[in-house]
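The chains carry the letters A, B, C, D and E, assigned in the order they are written, with residues numbered from 1 in each.
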Amino acid sequence: MFLAEVIGTVVSPVQHPALDGERLLLLRVLQPDGSPAAETRIALDRAGAGVGERVLVVDEGNSGRQLVGRKDAPVKTVIVGVVDYVTLDGRLTYDALH
Amino acid sequence: MFLAEVIGTVVSPVQHPALDGERLLLLRVLQPDGSPAAETRIALDRAGAGVGERVLVVDEGNSGRQLVGRKDAPVKTVIVGVVDYVTLDGRLTYDALH
Amino acid sequence: MFLAEVIGTVVSPVQHPALDGERLLLLRVLQPDGSPAAETRIALDRAGAGVGERVLVVDEGNSGRQLVGRKDAPVKTVIVGVVDYVTLDGRLTYDALH
Amino acid sequence: MFLAEVIGTVVSPVQHPALDGERLLLLRVLQPDGSPAAETRIALDRAGAGVGERVLVVDEGNSGRQLVGRKDAPVKTVIVGVVDYVTLDGRLTYDALH
Amino acid sequence: MFLAEVIGTVVSPVQHPALDGERLLLLRVLQPDGSPAAETRIALDRAGAGVGERVLVVDEGNSGRQLVGRKDAPVKTVIVGVVDYVTLDGRLTYDALH
């Protein structure tokens, strides 16, 4: 799992019924201190996330299919939660409420 | 999943019946803003994509086999859609019609 | 498997029952000599690890599900042990007791 | 899948019957224009490839096992074809006959 | 698969019966010419390898479980052979007997 920020959306007709109507979000991978990493990803949303929110992401095929609830879904990267807070070396480095 | 641009084709007899007659396309991985990343890949086409088009790509073995429709296909990277548009930080950064 | 140091925690409601009540720890990947690598990860804890401890981590989906004991858990990265000691080229480079 | 050039061989007794008598080839990963990438790999040969030839490689466990024809084979990287030609941005960048 | 040199050992109680009594070795990944790459890994030993030896390593979960002989083992990286020799561009670049 990794931390990321939702930075945008992708719209594309996907050639598989398991992905009909799914939202595809663009993510920027984050360091634990909140600074951006170089990588970006495209993920399915299972947590009702919006642009600007910090999210927890699972990046493994079988996990993605469990989360989508279909064994035949062609998915790998899924947003599983909107992050409440992060501590690093005992300090609070992110708090969704502030 | 990731965004990519189709940049070419590869022709090679592949030693597995599940891949007979499949088109193999060369992809350049893209950043969300459309700038090229360093990586390239070879993918099967499931979206009727052509050179120069922007595509959505799944890069996981079991997903690839679902898309090809054969459990025994030796595939990992499959083009699942031609991208319509991409938004980044609220701005439209790609639009296939313009 | 790789070596890592626990550097923090992440709190996020995760949308899957198999992860209810699980602790998510922030890890910094380590070189064998104990110096930090650039990468960080988020892992489930199966070894009772705390911030500052050196741990052994498995990073593969099916292994993670075995460790969690549920075939349907969306997990990939799991802490499997707190490290006792490490030798490198015949020298002891880490010893948890000193 | 990716493109590679066969650059050498590895000889090692492997502790699994599914790999008895298999040839292990050293590969250098290639860019689509034929220039070398930094990475190298070791692969099983399923295409009768020789040193100096350009090959198409699959790099995923379940695909590798399909190609070897045994569900229990510990393989991930398999050469699936000797490349005939490659086009990039409409130009022919590789042709095995010339 | 990749080539590596055994550079050390890790001792850690691992929370899974399938790993009881297994030796965990520290590896440095090698280039085909024998020069060290930046990466290190921790692997199970299935070839009786010792510190300083050059080994062949499989790095995929299902392959690792085949080699360990248990479907429920949380392993990914396994040493499958001690290397006898390596040729690169027709030259012998490593020979275990010299």
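Simple rule for what comes next: contacts are C-beta pairs under 8 Å (C-beta built on N, C-alpha and C of every residue); 3 or more make two chains touch, one makes a residue touch a chain.
Quick caveat, the model's predicted, so the values are computed rather than measured.
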Nearest 5 degrees, what's the C-alpha rotation angle taking subunit B to subunit C?
145
When subunit D meets its copy subunit E, do both sides use mostly the same residue numbers (more than half shared) or mostly different ones?
different
Cα centroid separation between subunit A and subunit B, in whole Å?
21
Could you tell me the distance, in whole angstrom, between the mean C-alpha positions of subunit A and subunit D?
33
Could you pull out the residues of subunit C that touch at least 2 other chains?
61-62
Category of the chain touch graph - line, ring, star, complete, other:
ring
Put in order round the ring, from subunit D and then through subunit E, what are the chains?
D, E, C, A, B
Considering only the defined contacts, which subunit A positions touch subunit B in the complex?
7-16, 18-19, 24, 26, 40-43, 51, 61-62, 65, 72-77
Which residues, counting only subunit A, touch subunit C once they are in their complex?
1-3, 31-32, 46-47, 55-56, 58-64, 66-67, 78, 80-90, 93
